[in-house]
Amino acid sequence: MMVAEPGLAVLAVCLPLLYPVMALRANWHRAMCFALPLLPLPAFFLAVSSDSGWQLELPWLLNGGLWAMDDLRRLFLLLTAVLWTVAGVYAVGYLALPHMRRFCVCWGLTLAGNLGLTMAVDIGSFYSFFALMTFAGYGLIVHEGTKEAHYAGRVYMAMAVLGEMSILAGLLLAASAADSQLLTDLPTALARAPQRDLIVALLIAGFGVKAGLPLLHFWLPLAHPVAPTPASAVLSGAMIKAGLLGWLVTLPFGEVALSGWGASMVIAGAVGAIGAAILGVLQHRPKAVLAYSSISQMGLMVLMLGAALADPERAPVLFSVIGLYALHHGLAKGSLFLSAGVSLPAGRMGQVVTWILIALPGLSLAGLPFTSGALAKLAMKAGLAEDSLDFALAGYLPPLMTAGAIATLLLVLRYLWTLSAKLETGHNPPMLLAGWLAAVTASLIAFWWMPWDVAGLVKAPVWLPASYQVWALVWPMLISLALAGLALLVNQKRSSARS
Amino acid sequence: MTPSLLYAMAGAVLCGIGLFGLLRLSHLLRKLLAFNIMGSGVFLIMVGLPQHHVGPDPVPQALVLTGIVVAIAATALAVVLIRRYYHQSGMASLEGEADSREGGPL
Amino acid sequence: MTLWLMAGLLFTPLAWAVLTLLTDFVWGRRVTWVGILVQVFVSLGLWLTVAQNGGFYYDLGGWGAPLGIELRVDGLAVTFVLLTAAVASACGLHAGVYIDRHKSWHRYFWPLFWFLWSGLNAVWLGGDLFNLYVGLELISLSAVGLVALGGNANALRASIRYLLAALLGSLAYLLGVALIYGQFGTLSIAGVVLWLDSHSASAGPGLALALMVTGLALKTALFPLHRWLPPAHGIAKSPVSALLSALVVKASFYIAARLWLAFGESLGNQAAAQAVGFMGSAAVIWGSWLACKQVQLKQVVAYSSVAQIGYLFLLFPLTYSVSDSISLQAQQGITLQVISHALAKAAMFLAAGNLILSVGSSRVDALAGVSRFLPFSLFSFGLAGVSLMSLPPSGGFAAKWLLLQASLGSGQWWWALVLLAGGLLSAAYLFRIYRASFAEIPETDQFFHPSKSLEVIPMVLALMALGLGFVSEQVLSVMALPFAEEGAP
Amino acid sequence: MTLEQWLPVFALMISLAASLVIFALPETGYVRRTSVNLGAAVLKLVVVIVMVWGVFHGVNYGVSFTMLPGVTFVLRADALSMMFAGLSAVLWLLTTIYAVGYLEDSPNRRRFFGFFSLCVASTMGIALAGNLFTFFLFYEMLTLSTYPLVVHRGTEKALRAGRTYLIYTLTGGAVLLFAIAWLHSLAGDLSFRDGGHFVDADPDIHRSLILIFILLVAGLGVKAALFPLHGWLPQAMVAPAPVSALLHAVAVVKAGAFGIVRVVYDVYGVEASSALGLLAPLSWLAAFTILYASTRALWQVDLKRRLAFSTISQVSYIILGIALAGPLAAVGGLVHLLHQGIMKITLFFCAGNYAETLGIHRIDEMDGAGQRMPGTSVAFTIGAFGMIGAPPLAGFITKWVMGSGALAVNMDWVILVLVGSSLLNAAYFLPIVHRLWFREVKGAWPEERHWGRLETSPWLFWPPLLTAVVTVVIGVLASLPFSPLSWAELIVLREYAP
Amino acid sequence: MIRALRTCFIALACIAFSAVLGASIWVIAGDPGQGNLSQLLSENMSRSGVEHPVTAVLLNFRSYDTLLEIGVLVIAGIAGISMSKTTSLEDPELRTSDPLLYALQRWFIPLMLVLAGYLLWAGADRPGGAFQAGAVLAATGVLMRLGGIPMEFLRPGLLLRLGLALGFSVFLLAAVVSVIGGDAFLAYPPGMAKPLILVIESVLTLSIAMVLLALFVSAPVNDAEDPEEGDPS
Amino acid sequence: MTDWLLDGLLVFALLATAASALLSRDLFRAVVVFIAFGLLMAVAWVRLQAPDIALAEAAIGAGLTGVLLLDAVSHLGNKRQTALRQTRGSHRQGSDQS
């Protein structure tokens, strides 16, 4: 398999890139549509079957290309591949709209970018794929062609271009400081670069746009709701993580303690986690709520990132946690988004099952025991344990995490609430249903077989939290349930008063 | 001062007179007269000046003879042109009477 | 061999003048073809001879310099002889087709044409001041005759004006000759130079030089003495205009230049040189400006001549009290300017004639659409224009380059500015014509197609003007050939 | 003469001869004219390829003869020449194909193609010129041969544009001539030489050298459309699309930029120019032009005018690159010579396609054109993204290399310029792309024409697509040998090597 | 006012011109250094073929001048007759029957013819020569013309043109004869100078008279004109 | 002395006739005066020991030129007539308008 891996990598990237070419033939669009789920398969195989550590040198590419795989990248690649596959399956059933060709081309390009950037190690290809994903993603967002979509697209584009430029400047400075075209050389060089702070600021801001960092997040709640549902799923599940990956591979983790930046990131994460939740519960559209939930979740990851920035010792551990959390969130959020497009079956039983399947990934986000969420939350808690961190703000982290958990569940509940108002009974196209179910399956079950690695932080069996941990997971959930009930009561009272 | 020089000097004055006529008069025939007078002045200088030094000198005399023939040829041609011009345009000057801004042939 | 060539050169045009005088137009044309052939061969032969063996003095009638007349056959002279052969042949061939043979008086075109040619040859080769005067008169009168040929009132007015100017110029020149003879007792330029070399200059003959140059400047139409030129050149038949602009004005300039180069150093002064240069500059600017304002096509070309002539007079300041190399540069530049302007302007007038013939009007704005119907002539016009604008790779550009070098090298940078401004202004008036011809106006589809030979001739000339830039080095090397000194007095 | 001497002459003569033959052919000889055109273009491409190969292996192509006392006419092929020559050869072929389709059934095609070939011959001459004098020769020839193209339509607007064009370029030419003559009288006949001639120039002539440099840049800057000498370019947009393509991508603006490169590199030498303090102001000027023109482009509603301002901005990248006086930045500038050419020609081809097929001239008429003309629109999109500098397209390579180069010589402010320019580029290109793909068609197209199976005439369809593919390929495969980037590196290596 | 000023200005300029010219002449006159051409001339007189120095200069030493000068005359004549676009020079107005003029003609014309002949013959050794003779001959013609005597040969036909060309062509032939013998243009063969000069002089006389006469009579009498180029006609 | 007187007188007469030939209001008179000038010139040539020129001047300068000009004058008339006939002149100005 060693020889095949580079080939598979190239195939993974190039397969979706064939779509623009195929689009030249006007009558191939149905074939293109049905091929959507097949596109990420090479990447999926690559992520599942291969080990880390292979390299692919492409000296003729841009400024000299190097693609490689390590554990972190593998995790992200897997997440991306899985999410895109299920979303692709979903899309086959979902899509019955004009401009199919355009959608497919944009889908393919975005996918290629998203897959490519996880594998790219040289700056040129990484940035290329990143940009490809960004610009092609625009096509997914504005696809519906409504006024809202165009507005969202415009905001997205403006911020994305600003972000791209910020990344470009940051990468340029970094590469010049490192005198290398490889991402792997950047952190070390960055730690010693005279313009370190500027570069770090540029990179944080640049990738922050994608990752929905507070104040750079404006596009997110606009774009996710208006995009076609499968697109929202990948946007929120996979593409948002590209920003995160960008940070992870460029910033000087483990090299030097950037306590200032760490603190700022922690604050930003906290603001994101809490603030997005507050804004999110005020939303009326389910996908907008989910978008805010994504921001909120990303806030938690930023929190961890901040900690990792501030404490070089702890960074490797936190990396694993972040990876785990990203995987968990990506899968869960993907299923949630996909669920926004399903219809309820006619039968009572079916409806109950459907609601349970819809709610489970959400509850998993909130840390329901026996779900990936519980594992992620626990790992995070362990990773950010006060005593193991050498960091000024370390004391504030546990309460923040708790607040985040409460906020998460509130958002999920709000989502279910808004969704229930919107969901209609009807017949689901089989592929759509299959896609959604696959997503839920991936989030709830397949997750446990995925190659995440946080050994040492959580006790085995990993999917079963220890009893003392259960309480830790549950009490925030109870608080939020209480809050939700309160809100329901207030709302009912108000509406009855009105009527 | 010899007579030759005197004539040469007279030639100089004739040149001036002729030049004035050429520049200032507008009637073409008068211009022609002026040209001839100026020519005579030049011829006088041509012969007079060298003869002041060496006495009768056939070379400039021969030159002047040639010059005179050229002058008469030019004059005759000019007369023909002027007459035909007059015949066709009814004017005997280049610009007409009212507008004589360009008095000279330049 | 050389003797034969010289005799052929002097004899042919005069003999053909007589022959064509006796024939009617059509026969005159045929006879002329033969004559042109002979002249071209003779000129070429002479040029080659000089290019190989260097220049020499040719004693006419067997009488040497102070007593008789000697012709100075040097590289420059034969270059101009060859140039004349080229341009005059082209004009003659063109005229043979262009001029209406049904008008009986057009038969006189040929003898006048040949006399003009002989006069030109006499001037290029002339080494004797008075002989040059006669040559000038020969040129002037035949030129006047050509302008007036069968003309209407306007042509006559122009030719009378031309005649008077030419006569006044000749007289001024002759006056200068008289003074020179009075001072030096010789009419040979070489003799005078010899005398000046061995004696200190006196104040008297300074005026002689000034008079001669002024008279010649008048004949060359140097600003502000240029007013006779545009009407004459504008109204004459196109082949005649071509001859006049290309060669006739150059003859008088040539003499002026030779005189200045021979006597200027001793008899001239800096102020005068600068003043002449200033006049030349004014001519460049003013002539170009007026060319921009003309409504008649040929008037534009004629005023362009005024402007282009201005360049020539930059010779005076650029050769006065400067180092030899710079002076040589300036001389070479001016020579190239003369040649390229002759070729280009002849091409331009001939092409303009074709255009006028084609559209049936001489107005510039009548040219709209002609680019589609007479592209060849327009292209010739354009190529000639390239040389006039002194854009590379034309001869005009080579000339301008050398002049720029000379003016910068001598520290007289202001002439460089004049050169550049002149180039731009000439572009202004020439592109006005192209612009008119490129305009697409739908209803103008009535065009007369002149015969192919009429179109080819200006093209050949224009190409020569254009290609001159590439061979300037060769041309100039012949020009600068030293004399075989034994012939000198 | 040997083959080494003949090849440059041959390269030059092919287009010249083509031009003459075309002039000689009758207006109606469509087939013959087209075959002459294409045959010559292909032949020239072959010759250029052979020369590129040769130059890469160190063969010295060159021929020279004395034109005037002290002045030689030199044709010579070095790496830099071959870069420009290659560009012009490739794009000539494409533009010819395009123009054949574009001008189908329009009048005065003989004139058009004649001057077109002449224009390319001049470009070739500019590329191969071995000294300033020869360069100027062809530089002016270019002015002349482009004028008939600019005014080709013969409308009042075209004629006015032609006049503006001439006023600018001829004045520029005059200034340039003055400067060259001055330099010549100061230092003699200067052939282009790696490293320049004035590394240890006499301090006495420093002031003259500075003045001359300013004049040279002013003269060349007209064609390169440096601020404030750019006024002609947007006006010249009235010309037919292939002309605009040629003017913008290959011939005119490139000639100016190329000239500045030559002056800085091979006449003055980078060291000398920066020692004289000439390069910093030049880089400021270029930077300002980049930003200024991009800003102006934002307000243009006419597609071609917007592209024109974009050109002004993009060409200054080249100048900026070399003015930064560092090897890496220079590579960025030089490589942009090619990149901008390819990308901009794509855009102009597309603009021409829209105009010719749908009658679209203004940007607000473009809504939904992507559905009607997907191929063209894809090409346009690629070109636009290339201009913005989106990776992995050609424009990104430029920006990346130039940015790295600027940092290498501690000119960090350049990054701001690059970023700002990219932002502006995005601001004026992305709305167009958006309209193309994501807006619905408003109604009937202004002037629609149909050609069989393809969205437009095949002559018009393939060239932009091809250049678009090239845009992608030279970006993605930038590190291949013989890619523009590698070639630019080769040039710079030779320039900076002692 | 402006006219007057202009006149004053021109007058002043002309006076200044005369003054400068006079001064220049004065300076030159006071500066006696120069070559001695007349001495050279007298030394070479014996080889010239004629005794009268002016004639020698005109027709031998500087015969090229003279050749061209005749050319100038012929040109003037050609240009003149090209203007008269008519086949007949008959001008009815001129046909007078003035008895005085008629008498004058009868006496004068033979006398003048004789005078012309004398001048021509005298040219070789005394003042006189082709020009003077030709002029007298022409004056005779003018007189005849004024008297209304029809002169058919003055019609611009072949005869007139032959007459115009005669002197010039003979001169030209004489000039080129020597070339055949390998000598310079215009060099008379040894010993042939005198007869050649005489022949030339006589034919020149005729031609000169013809030219002047032709110019005199070729006054324009009709309206035939060539349209200007580009005039739609 | 008498020679000087004669020369002086002659010169004076030359200048006087020249001036009056140009300034005379009547063209016919001007030409007549010019003929007189020509004759005086002939005398002057004799005084300058140039009999050839004298002869030529008398015959050509005074005689022929005079007749030519007289003839021309009789056709052209003088200024006043010119003004009258100007109306029928085709007065197209194609010349320098500066």
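First chain written, first letter: the chains are A, B, C, D, E and F, and each begins at residue 1.
We take it that a contact is a pair of C-beta atoms (placed from the backbone, for glycine too) under 8 Å apart; a residue touches a chain by one contact, two chains touch by 3 or more.
In this text the structure is predicted, and so the values were computed from the model without any measurement.
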Contact network partition after chain D is left out of the picture: A | B, C, E, F
| item | value |
| --- | --- |
| Intersection of contact partners for chain A and chain B | none |
| Identifier of the chain whose CA centre is least distant from the whole-structure CA centre | D |
| Contact-richer chain pair (by C-beta pairs counted) among B-F and C-D | B-F |
| Distance between chain centroids, defined by C-alpha means - chain C, chain F (Å) | 34 |
| Chain A-chain E separation of Cα centroids, rounded to whole Å | 113 |
| Averaged-CA centre spacing for the pair chain E and chain B, given as whole angstrom | 16 |
| Between chain F and chain D, distance of the C-alpha-averaged centres to the nearest whole Å | 72 |
| Sequence positions of chain F contacting 2 or more other chains | 52, 56, 60, 64, 68, 71, 75, 89-90, 96 |
| In chain E, residues with contacts to at least two other chains | 21, 25, 28-29, 34, 36-37, 41, 54, 62, 65, 69, 72, 75-76, 79, 83, 129, 131, 135, 212, 215-216, 219, 225 |
| Residues of chain C engaged with two or more neighbouring chains | 130, 134, 137, 141, 144-145, 148, 152-154, 157, 161, 175, 179, 182, 185, 227, 235, 296 |
| Sites on chain E touched by chain C in the complex | 20-21, 24-25, 27-29, 31, 33-37, 40-41, 44, 60-65, 67-69, 71-72, 74-76, 78-79, 81-83, 85, 158, 161-162, 164-165, 168-169, 172, 175-176, 178-179, 182-188, 224-232 |
| Partner chain C, residues of chain B touching it in the complex | 8, 15, 19, 22, 28, 31, 35, 38-39, 42, 45-46, 49-50, 52-54, 59-60, 63, 66-67, 70, 73-74, 77-78, 81-82, 84-85, 88-89, 94, 102, 105-106 |
| Complex contact set, residues of chain D against chain A | 370-371, 374-375, 378, 385, 388-392, 396-397, 399-401, 403-404, 407-408, 412, 415, 418-419, 422-423, 426-427, 430, 434, 437-440, 475-480, 483 |
| Residue ranges of chain E in contact with chain B within the complex | 3, 6-7, 10-11, 14-15, 17-18, 21-22, 25-26, 28-29, 32, 34, 36-38, 41, 53-54, 56-58, 62, 65-66, 69, 72-73, 75-77, 79-80, 83-84, 129, 131, 135, 208, 211-212, 215-216, 218-221, 223, 225 |
| Complex contact set, residues of chain C against chain E | 3-4, 6-7, 10-11, 14-15, 17-18, 21-22, 58-63, 66-69, 100, 103-105, 108, 111-112, 115, 118-119, 122, 130-131, 134-135, 137-138, 141-142, 144-145, 148-152, 154-155, 175, 179, 182-186, 191, 195, 199, 202-208, 235, 237-238, 296-298, 353, 356-357, 359-363 |
